[in-house]
Amino acid sequence: MNHLPKPAAEGLRTRVFQIIFESDTPLAKGFDIALIVAILASVLVVMLESIESLRADYGTLFFWLEWGFTLLFTLELAVRLYCLERPLQYLRSFYGMVDLIAILPTWLALLLPGAQTLVMVRLLRTLRIFRVLRLMEFVGEGRLLIGALKRSSHQIFLFLFTVFMLVSIFASLVYLIEPAEAGFTSIPTAIYWAIVTLTTVGFGDIVPVTPLGQAISVMVMLIGYSIIAVPTGVFSAEVIRSIRADRYSDEACPGCGHDRHEQRAKYCLLCGTWLDEDSPDPRLSEEEQAAWWEEHGGQGNDA
Amino acid sequence: MNHLPKPAAEGLRTRVFQIIFESDTPLAKGFDIALIVAILASVLVVMLESIESLRADYGTLFFWLEWGFTLLFTLELAVRLYCLERPLQYLRSFYGMVDLIAILPTWLALLLPGAQTLVMVRLLRTLRIFRVLRLMEFVGEGRLLIGALKRSSHQIFLFLFTVFMLVSIFASLVYLIEPAEAGFTSIPTAIYWAIVTLTTVGFGDIVPVTPLGQAISVMVMLIGYSIIAVPTGVFSAEVIRSIRADRYSDEACPGCGHDRHEQRAKYCLLCGTWLDEDSPDPRLSEEEQAAWWEEHGGQGNDA
Amino acid sequence: MNHLPKPAAEGLRTRVFQIIFESDTPLAKGFDIALIVAILASVLVVMLESIESLRADYGTLFFWLEWGFTLLFTLELAVRLYCLERPLQYLRSFYGMVDLIAILPTWLALLLPGAQTLVMVRLLRTLRIFRVLRLMEFVGEGRLLIGALKRSSHQIFLFLFTVFMLVSIFASLVYLIEPAEAGFTSIPTAIYWAIVTLTTVGFGDIVPVTPLGQAISVMVMLIGYSIIAVPTGVFSAEVIRSIRADRYSDEACPGCGHDRHEQRAKYCLLCGTWLDEDSPDPRLSEEEQAAWWEEHGGQGNDA
Amino acid sequence: MNHLPKPAAEGLRTRVFQIIFESDTPLAKGFDIALIVAILASVLVVMLESIESLRADYGTLFFWLEWGFTLLFTLELAVRLYCLERPLQYLRSFYGMVDLIAILPTWLALLLPGAQTLVMVRLLRTLRIFRVLRLMEFVGEGRLLIGALKRSSHQIFLFLFTVFMLVSIFASLVYLIEPAEAGFTSIPTAIYWAIVTLTTVGFGDIVPVTPLGQAISVMVMLIGYSIIAVPTGVFSAEVIRSIRADRYSDEACPGCGHDRHEQRAKYCLLCGTWLDEDSPDPRLSEEEQAAWWEEHGGQGNDA
């Protein structure tokens, strides 16, 4: 969906475009790697800044590093916009917005100091790495997965809905059985506990203390342990089907338009039309076959 | 199994029937969505009511909301029964009972005040959502899953039985080894612990403290971690088999013997032979086709 | 491997044999169900007896129930031995030993009072249920699973060995990094912690407290979370292969003895011998084919 | 990649080489087993030595055992080098380095006493077991797995990268929501918690205490519980593809076009056509076979 944006036509801008937006030349690849390093470094700074002791010691360093990265990314965005024909359209695209989100929080903090929540938004910078991965034809690998996920989404939605029903029923039961001192103070809390249990996370912050509560917990655990097989099975089957679908040709039958033939199919499975483009239909008469060979380059057996 | 019930024959009732029981017209779809929203809202009220602080502040609001939903669902059930030919039969069906369960607890609470346990039953209202999903042909998606589950149920029962045997043996061992202070006060408690461990939930409310007990725990964990592969593998295989069986015919091509044709294939994809046994090959001359029909029972178009 | 033992030849003993050892008649099925109920009840008694408060209140009841079950099972074993031709051979078989183990502890407790450990052995009574499941042709279902497990055992052994190596290396690292106060008092304890973490059980009785220790924990968790795919994938593939292997015929080629042909194979894939027993080899001359049909019942097309 | 090193040519050295480096004779197999036992025993000593109480009681024993194993392994390495043509090249190979690492720590501890960290390096001795497994053709079993892992590595990298992105976003949210007293003192700590939760380990050392934090935890758990299906599905599909690719040929039968023959098939299983392209059909007459050989390069048996 995100087609590469068009460059402005001039010489310098075209060359800059090729470095920044494409990934074919060594210079462009170097730029990509430098960008990934800068993004990861800037995210690392955001994370380290949240550690109390480090902030006390290196607060000023973090401050200047953050501004350094912000200026760098601002400059990069400016260059990107400079070498495009329709810069506004780019800003409205997904990657344009991510570029804006990567620098806005720091600039806004000048106007609205103390907006700590905004600082977190800077972590979305990691999203920019997907752009580079896409250029490196990495994301294409993920398309198979996303296709399989999409095709199994209906079944997985039903699965999650059923899980939620089981969870709320078991949670209510445990809420009725267990004393509030054990932590089951309300149904939402009991649902939190039931999901902690069903997903086999098991924090242990809330645990059943009565024998009956433990018996119900055991059922929740066994259900959680077993039904993980359902999404796994569905998704495995979809991935296997996707891989197999690679064996299907994309071309439609010239006779009836049917377009899901296996690669090796020689006859359309619905109308019987000859599909192989490299040889004549064997049902033709010998003269017709000879004529076909003449027309298509003459490697026929009538030579 | 739950076929759509039959409407009473009159005009208004038929129209109401189509809105409430079917899902084809825009009005019927709007009704479905409104119903889902009402069900989810009423369930949310039940859940929020269980939170102490909210009940203190908004108790009266919850009370009236609950009665609002109950009257709404009662009215809905009355209309449902009104537009059916055999209302009593509907009440005995699965969905009829769920409809009753959704309203009974509140009405009964008038007669038997303080029956807090009954309040929980209202959570079963979520079951009503399945009716709408079924109308929306959502549940059909789940049929493949349920079929695969049924066919693997024998193997999964055996699996769970074996797991239970392992669990009770390991639990007894740990019960003998660990001191009661560590929490292993009885075999049932030890079984609870063993299932918490085997399913990799790991609450941590009871943990082994002796080296030998920890060594046995390690075995339980490794078993639990490994054998999850068994139901997953069985179920995956069944789903894959279901998907494949849906698509491929078992019969071989009479021309070349190739035997992996899709169900709908009419021509062999390798040799072009006509595969459909219920009609003559359209490539035959008219006389030959007529002869074919004569031979196969004469429902031909030459009649 | 456990073939049904042979009955002694007389009338009464044969009839008793059919009830106890087989599962075809209504009486035999009733016996099976009664046996399962008795086994489960006796195991339940052993479990409940281990609960302090119940033992105080119902100790005497449990005592007599236990003796009741023991006498019942002793009687059953006596009848089993009575109606067999070679009773001693049965006692040396797997099911014979399980039968003995089910009653010995209680009898031995008469001689050696206070042998509480022996009491646990009674839990092995559940093993006797497998006999009934086998009769009900339930265990046959499990043979596919066991076959798949056996064929993937080499790979799963390698997997577990690699896991153990990773675990001991990470455990040693964490042992060096974390202070002993956090619970990492020795390498074996650290290995216990690493397995708790890798299998995603996560009791929380020992947790890393230093940032470096937490970073290593994160690696252990991600490894544990990801590599579960390995045994699952291997086992799934084996189950799918097993199911597919059902498509293979058991009969060997009369020409070369090769014995893994698909069900539909008409020619041996190694020596080209004709395999279909219901029609003559089409490579024979017409006379030979006619002779074949004559010999095999004459439904030939020469009629 | 690790080809067997070449022995020096003389008699005694060749015989020693066969015992130490190969695994065909009974003597060589005995040596392998003795080596595995010695390695496991030496690793066990390292582990037990780390237990405070055992070190107090048996410190001297451990000390001498350690030196015994070190001298044994040093002697073994010396013999290995003695019977090789190019001992230095072996020392630079993977197994040579592992051999050195197995003995160096103890020798270095003579020079640099108190280097406790080095002691851990001795645990890498377990790596030496892989050599023996390789000889026993055990590792070959793992090659299928490693191949499947490699082919799915791109997708699993993308998966882990996406997981990391989700984790850091959710961790930042929880860091903002939860009070520092609950343990969420910094973003790295929150990421540690998020991975503990997503991988379903769930230590419980840090748990959310606010309703909003618990709601986000629930999302993290459900994501972690569901997306495990992704690597499992991808890897299962790869293993299945590997197994199948091992067995079936890609080429279609020239007679009937059937294209799912096992690699070793010489005759088409449906029409009996000769499939082997490297020799003539044995059903041809001798002259025809001779003609075939003439045409295809003449390595025939008529020469």
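Letters A, B, C and D name the chains as they come in the text, with residue numbers starting at 1 for each one.
The rule is simple: a residue touches a chain if its C-beta (ideal position, glycine included) is under 8 Å from a C-beta of that chain, and two chains touch if they have at least 3 such contacts.
For clarity, every value in this text was computed on a predicted model and none was experimentally measured.
Enquirer: Since chain A and chain B are copies that touch, is their contact same (over half of the numbers shared) or different (under half)?
Expert: different
Enquirer: C-D versus A-C: which has more C-beta pairs touching?
Expert: Between the two chain pairs, C-D has more contacting C-beta pairs.
Enquirer: Averaging over Cα atoms per chain, report the distance between chain C and chain D in Å.
Expert: Computed value for the inter-centroid distance: 29 Å.
Enquirer: Whole-Å distance, chain A centre to chain C centre, using C-alpha means?
Expert: 41
Enquirer: Could you list which residues of chain C touch at least two other chains?
Expert: In chain C, the residues touching two or more other chains are 188, 191, 200-204, 224, 228, 232, 234, 236, 240, 264, 266.
Enquirer: In their shared complex, at which residues does chain B touch chain A?
Expert: Interface residues on the chain B side: 43, 46-48, 50-52, 116-117, 120, 123-124, 126-127, 129, 133, 138-139, 141-142, 144-145, 148-149, 156, 160, 188-189, 191-192, 195-196, 198-205, 224, 228, 231-232, 234-236, 238-240, 243, 261-262, 264-272, 274, 283.
Enquirer: Give every residue of chain C touching chain D within the complex, in rising order.
Expert: Checking each residue of chain C against chain D gives 154-155, 158-159, 161, 165, 168-169, 172-173, 175-176, 185-188, 191, 197, 200-204, 207, 211, 214-215, 217-218, 221-222, 224-226, 228-230, 232-234, 236-237, 240-241, 261-262, 264-272, 274, 283.
Enquirer: Residues of chain B touching chain D in their complex?
Expert: Residue list for chain B touching chain D: 200-204, 232, 236, 252, 255-260, 270-271.
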